[in-house]
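Shown below is the structure under consideration.
By written order: A, B, C and D. Residues from 1 in each chain.
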Amino acid sequence: MAESAVSASHGGALTESLTFPQCLLAHARMRPEAPAMREKYLGIWQTTTWSALSTMVLQMAAGLAARGLKRGDHIALIGDNRPRLYASMIAAQCLGAIPVPMYQDAVAAEMVYVFRDASIRIAVVENQEQTDKVLEIREQCPQLTDIIYDDDRGLRNYQQSGIESIDALLEAGALYEQAHPGKVRQAIDEGGFHDDCAMFYTSGTTGNPKGVVHTHASLILPSRTVSQQEGLGPQDEVLAYLPMAWIGQNIFSYAQWLINGFTINMPESQETVMIDMREVGPTYYFAPPRVLEALLTTVTIRMEDASPGKRSLFKHYMALAKRIGGRILDGDPTVSFSERLQYQLGDWLIYGPLRNALGMSRIKLAYTAGEAIGPDLFSFYRSLGINLKQLYGSTETAVWVCVQPDGHVRADTVGKPVPGVEVRIRDNGEIVVRSPGLLREYYKNPQATAEVRDAEGWYHTGDAGYFDQEGHLRIIDRAKDVGQLANGAMFAPKYIENKLKFFPFIKEAVAFGQGKSEVCCFVNIDFEACGNWAERRNLPYAGYNDLAAKAEVYDLIQDCVNQTNADLALDPKLADSQISRFLILHKELDPDDDELTRTRKVRRGFIAQKYEVLLEAMFSGKDSQYVETQVKFEDGRTGAVSATLRIANAKRQQGLAKAA
Amino acid sequence: MGPFLETLIGGLMTGMLYSLVALGFVLIFKASGVFNFAQGAMVLFAALAMARFAEWIPALLGIEHKVLVNLMAFILAMGVMIMLAWVVERFVLGKLVNQEGVTLLMATLGITYFMDGFGQTVFGSDIYKIDVGLPKEPMFLLEDVFQGGILVNQEELSAAIIAAALVALLAAFFQYTGTGRALRAVADDHQAAQSIGIPLERIWVIVWSVAGFVALVAGIIWGSKLGVQFSLSQVALKALPVVILGGLTSVPGAIVGGLIIGVGEKLSEVYIGPMLGGGIEIWFAYALALLFLLVRPQGLYGEKIIDRV
Amino acid sequence: MSRRSIGEVMLDVKNISLSFGGVKALTDISFNVREHEIRAIIGPNGAGKSSMLNCINGVYTPQQGSITFRGKTFDHMNSREVAEMGIARTFQNLALFKGMNVIDNIMSGRNLKMKTNIFQQALRIGAAEREEQAHREVVERIIDFLEIQAWRKTPVARLPYGLQKRVDLGRALAMEPQVLLLDEPMAGMNIEEKQDMCRFVLDVNDQFGTTIVLIEHDMGVVMDISDRVVVLDYGKKIGDGTPDEVRSNEEVISAYLGTSH
Amino acid sequence: MLYRENGQFKTSYQADQQIFPIAQDRYLILALIAAAAIVVPFIASEYVFRALLIPFLILSLAALGLNILVGYCGQISLGTGGFMAVGAYAAYNLLVRIEGMPAVVAILLGGVFAMAFGVVFGIPSLRIKGLYLAVATLAAQFFCDWAFLRIKWLTNDSASGSVSVPELMVFGWNVDTPIDKYLFCLGFVVIFALLAKNLVRGHTGREWMAIRDMDVAAAVIGIRPVYAKLTAFAVSSFIVGVAGALWGFVHLGSWEPAAFNITRSFDLLFMVIIGGLGSIMGSFFRRGLYCDRAHRA
């Protein structure tokens, strides 16, 4: 009985130590006709079964072999989530080659480094756009022999050598298979659980990106543990919509996919993600806070346009949900029956339709991570009855370090260590991790590897944090960023920035104060939110920098800053690092200008030198400053924007520590 | 020969009345793009008002002088029609500016139902008489040309003359007065007219009042002929083919169309009717108009339609 | 990127004159279109460009002149025949079917190719259903090609102008035309939209070898993408040739300096 | 309210193109029909059937027919009453003149006659547009009023065109009680609604809408206005004719031309336009019975 129960919960999920290709074959054997992936193409969800997938993969692997791909070679994957790109990833692993997924929005110049560093042999790309980029850098990358594209639109007339479509590759594969029957299978069997299986480049906040090498084991083991803990299984549906180059995407819709044998669904295009999400209704979902933010914004905007009746109904029930929704989800017994009744009613009237509109009706488990998430934002989703949880991890740890256990979910912690993962806090407050999921090494960079992993195999996350009384881990900031003010008081810029970013009107914030007597910060307003705010007050504005310069907006932001200071004042450690002055930047911080990483983390150092004039002005107490900056446009051209920025003062609270 | 001329003249005379009603349509359509189905109801309504006032005034004020009574009744009735025009503009058309033709048409249908109901509740639904002293006894023309001469109904004749006069008046009003010019401006392009400061609302009230006036006169004439009763509202339906025949937007079209239909109807009734068991004039007018439209889809004087793409 | 090879003359317009009640719209216009080429008709607004297209696909009937398509000569065209011969077109001021969504608009372009009778459709079993599905797939390929997947079920009236233009193009493409007449495909668009539209036009011409006749009133975009250009002004032809020839043509220059745009 | 599209993804065009792609809608409409067929007969009183439900059903059938013409093909018609009359009288004649003519067949053939009549009076629509057409269609109305009053042959020589039908036998089922009549009409409405819906979502329907929305563009993509408009008139007046026959046979039993006079035409046009403008009644029709364009969006 117990056994049958288990197999019912996650029957078909694999527990043996298999490599990814072996997992694929296992699923194809056990459940050949079950759907492995769906792609919305030509208006309907085209399904690929496990058996079909494995056939494709084997043939593709043969094709790659025919193109001379050998064990240990590196192969680049560039493009959106597409079935045949996923297939090519497994195919490469069949041969023991190492796939290196890359961000499709990276410009050619950024790619060169990775191509050279990883000495890429073959690039499998999505479409013409990517092909053109790779062609651009080809002569700089001597090892690159083949470019293989999925969608042939506009590529038919490309004469250059070494370019072919995946279809051509598959044909080549068929021939190769005839010539060397069983070669691929053999390669798969030879593949070892602890062999390297993938490489992810971390967009390091400073210096060149580093290639993080993971083995089948390191990607599979922790993912499997969590899958079992969370009861994931073949019945689950996942929407694969985040960049393949990001480790999270690889864990949630590749590693766990091949472990549990659930179905991954690929959206039609970037614009249709919302629509497709609504159709698919995933049961297991990951979204970084910024995506959840965007969703919430669309909802609130839509509600503002709704009829007064609707709006008040919405307000009423959202208030109710805020009060008890989260507690009901946590199984809190103290919620009264009548409250539950009201909540049920609300579920019919508001929450249900809302979940449907968000495409979250069927969600059993949802994670968010990457950056700290705003408490309001977080509780909004939980109050709707969506089991959204936080987790903590990084590329180097194959994500899984801490996960919030069901029933113990807090907005300001990242939960408890995953079984099999050891977490310690060093005296300087840095978090160190020992886990089967740790990276094997930084590619061709032993020194960097040594820096992050000490003799006993502890990985130094570089994050500062502490365990609270319930044993939940709290993250403060990057350890190295946790600095000191002139008076020696603790200064955690990221922590402050996040607090600021929790306000809907603030998109980005950068705090400075290391070694200074006070804290100052740059602010990027959220154009959409502030824009709406302005329109509701019918306050005319020409564009971003015009809006950003408005006195009203400054006041608006000032309130936010003052509130943040109030919060900080409550925490004796941080009371001193309240913000004394701030300014609103005239341009949005942008990855294309290297001010943000591709994952939209602020590059504080870079920004500090780029806007040196502004910093000096702020700390020297000026109340305005002229600045001129270079910007890069979408089409690659560069231009200059200039403005005279106002610098405003913020209200500092009397810290409790001092009061006491 | 005699009977033919008789029918012809008869036809021309009824035709004149059609023209009158048709003019009501054209005015409103030109000015507000509304195809006013309520025109017939307006005729009935006006006639009812006229008839009843003519009864009430003596009863209430004890005035007996017939001309005076009719005059007062006429003025009162006209007042009612103006009120009506204002109400229509205020509560119906004002709300439906720039709607599709069909919607507006439906709106006027609504107005029709309203006026039929309202009119009959206020003024009663029996058959009433209107006597404005139109000469009743027949007269004979050209007795020396054919023996027996041509019998002409004096009532119809005078009616026709009044109608003709009125038509001429309106045509002139439309062509030469400032309001008329404003009307045409509005007809050509609402926005433009508005932008040069022509007050749409006022224009519409005026137009509907004029239409009301036309309806009143028509109502009196038909009423004193057939008696004021529900069937009066059917008059409008007879004027419809006139309008499309003449072209929805053309004043001369309405006039000529009216005459054509009037004559065609009478002649057909006399010469074709018997073969088909009579009573054909209710649809013959339409058939006539339809055939004509097949040749000239935009009607006699309507503007030619060119598809721009 | 290698462009397809230009072939024989397929469409030949001879001495077309058209007037509306005395107003001359076109006077003795002649030009020809070669297979697979991109042929532009440019001219200031009101130069009679749209009227020219309207003559070609039978919306207007010219008073004089003849049009020869693939060896068949007509003194006036019949819209239906034109469509059957494989000449499709888009419209300057969007002529989409406002009451329908994107799919249905493009589907309507498949009309000529749909054969089931009214009774089969009423029952919607067998043939009718299969037909609908088959054509739906074609339509979806077009939607994919024009990158409007996100709006496939939106009523076209709710789409922004730029997208409506794409749907209009889609409807024309659905006819699998040999010649595609584009009436100011880039009018009223911002730069990105124009670039997109150019890309689509080139891709159509490139992938399906469709011959393209397009009208524009501003020279800029057109000159880059078209093989040969006809210039009209006040219903008269004032220039014809490659973009460079036309650019250096005195009359054209004066005509353009004369008009502001 | 309990609307949940999440997880209802379509893996085939057939599934995507069905009338109600969302399961909840499907169940709802089926439930409605079931309720109408099973529950209503038990709760409604005889009076309700006679005075409300039966006329309601028949008129909505007529409205459905008219909507094809007005709503989908954009041709205004004020002759609906006339078309109904043709349907009714044709069916009547077939029934009384032809020995052993089954009622249902008579009713349907009545529709066929109305169709022919409709096509003839639709011909002007090829030249005439909009309001001109609206008025032109009145010709049909008045012609009918006159014909059934004056041409004795059409009414089997009955005085002033008033006729009555013997009780209604449908393949052995004697449709005489109000419930029978109600179910009989319901059957017609449901079936015709389905067929009509299929038509308007097929390419004929698209032709009609194309003509309605932008006739020049329609012509340019090879749609023949003649064909589109006349098919619209044909289908529309067929349904209207059937409705007319039902009105006479089932609702009235015995009637005279006045039963189909111009007011009927106006009322029906009202129903359709109001429906178009989205009143409760109208929207119910549009959602439940007509093809709801908004729904496809």
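One rule holds in what follows: a contact is a pair of C-beta atoms (placed from the backbone, for glycine too) under 8 Å apart; a residue touches a chain by one contact, two chains touch by 3 or more.
Note that the structure is predicted; figures quoted are calculated from it, not measured.
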Centroid comparison with chain B (C-alpha atoms), farthest chain: A
Maximum inter-chain contact count - chain pair: C-D
Chain closest to the middle, measuring from C-alpha centroids that were averaged per chain: C
Chain A and chain D, separation of their C-alpha mean positions in angstrom: 57
Distance from the mean Cα position of chain D to that of chain B, given in whole angstrom: 34
Euclidean distance of C-alpha centroids - chain A vs chain B, Å: 76
Interchain centroid distance [CA atoms averaged], chain B/chain C, Å: 49
Overlap residues in chain D, where contacts from two or more other chains coincide: 12-13, 16, 216-217
Where chain C touches two or more other chains, by residue: 59, 91, 95, 136-137
For chain B, residues contacting two or more additional chains: 307, 309
Touching residues on chain C, where the partner in the complex is chain D: 57-59, 79-80, 82-84, 88-89, 91, 95-101, 104, 107-112, 114, 116, 118, 121-124, 128-129, 131-133, 136-137, 153-155, 158, 171-172, 175
List of chain C residues in touch with chain A within their complex: 1-2, 103, 136-137, 140-141, 143-145, 147, 149-150, 152, 203, 206-207
Residues of chain D that touch chain B when the two form their complex: 70, 76, 124, 127-132, 134-136, 138-139, 142-143, 145-146, 149-152, 215-217, 262, 266, 269-270, 273-274, 277
List of chain D residues in touch with chain C within their complex: 12-14, 16-17, 195-196, 198-199, 201-207, 209-210, 212-214, 216-224, 231, 235, 293-294, 296-297
Chain B residues touching chain D - in the complex, by the definition given at the top: 35, 101-103, 105-106, 109, 237, 240-241, 243-244, 248, 276-280, 282-283, 286-287, 289-290, 293-294, 297-299, 305, 307, 309
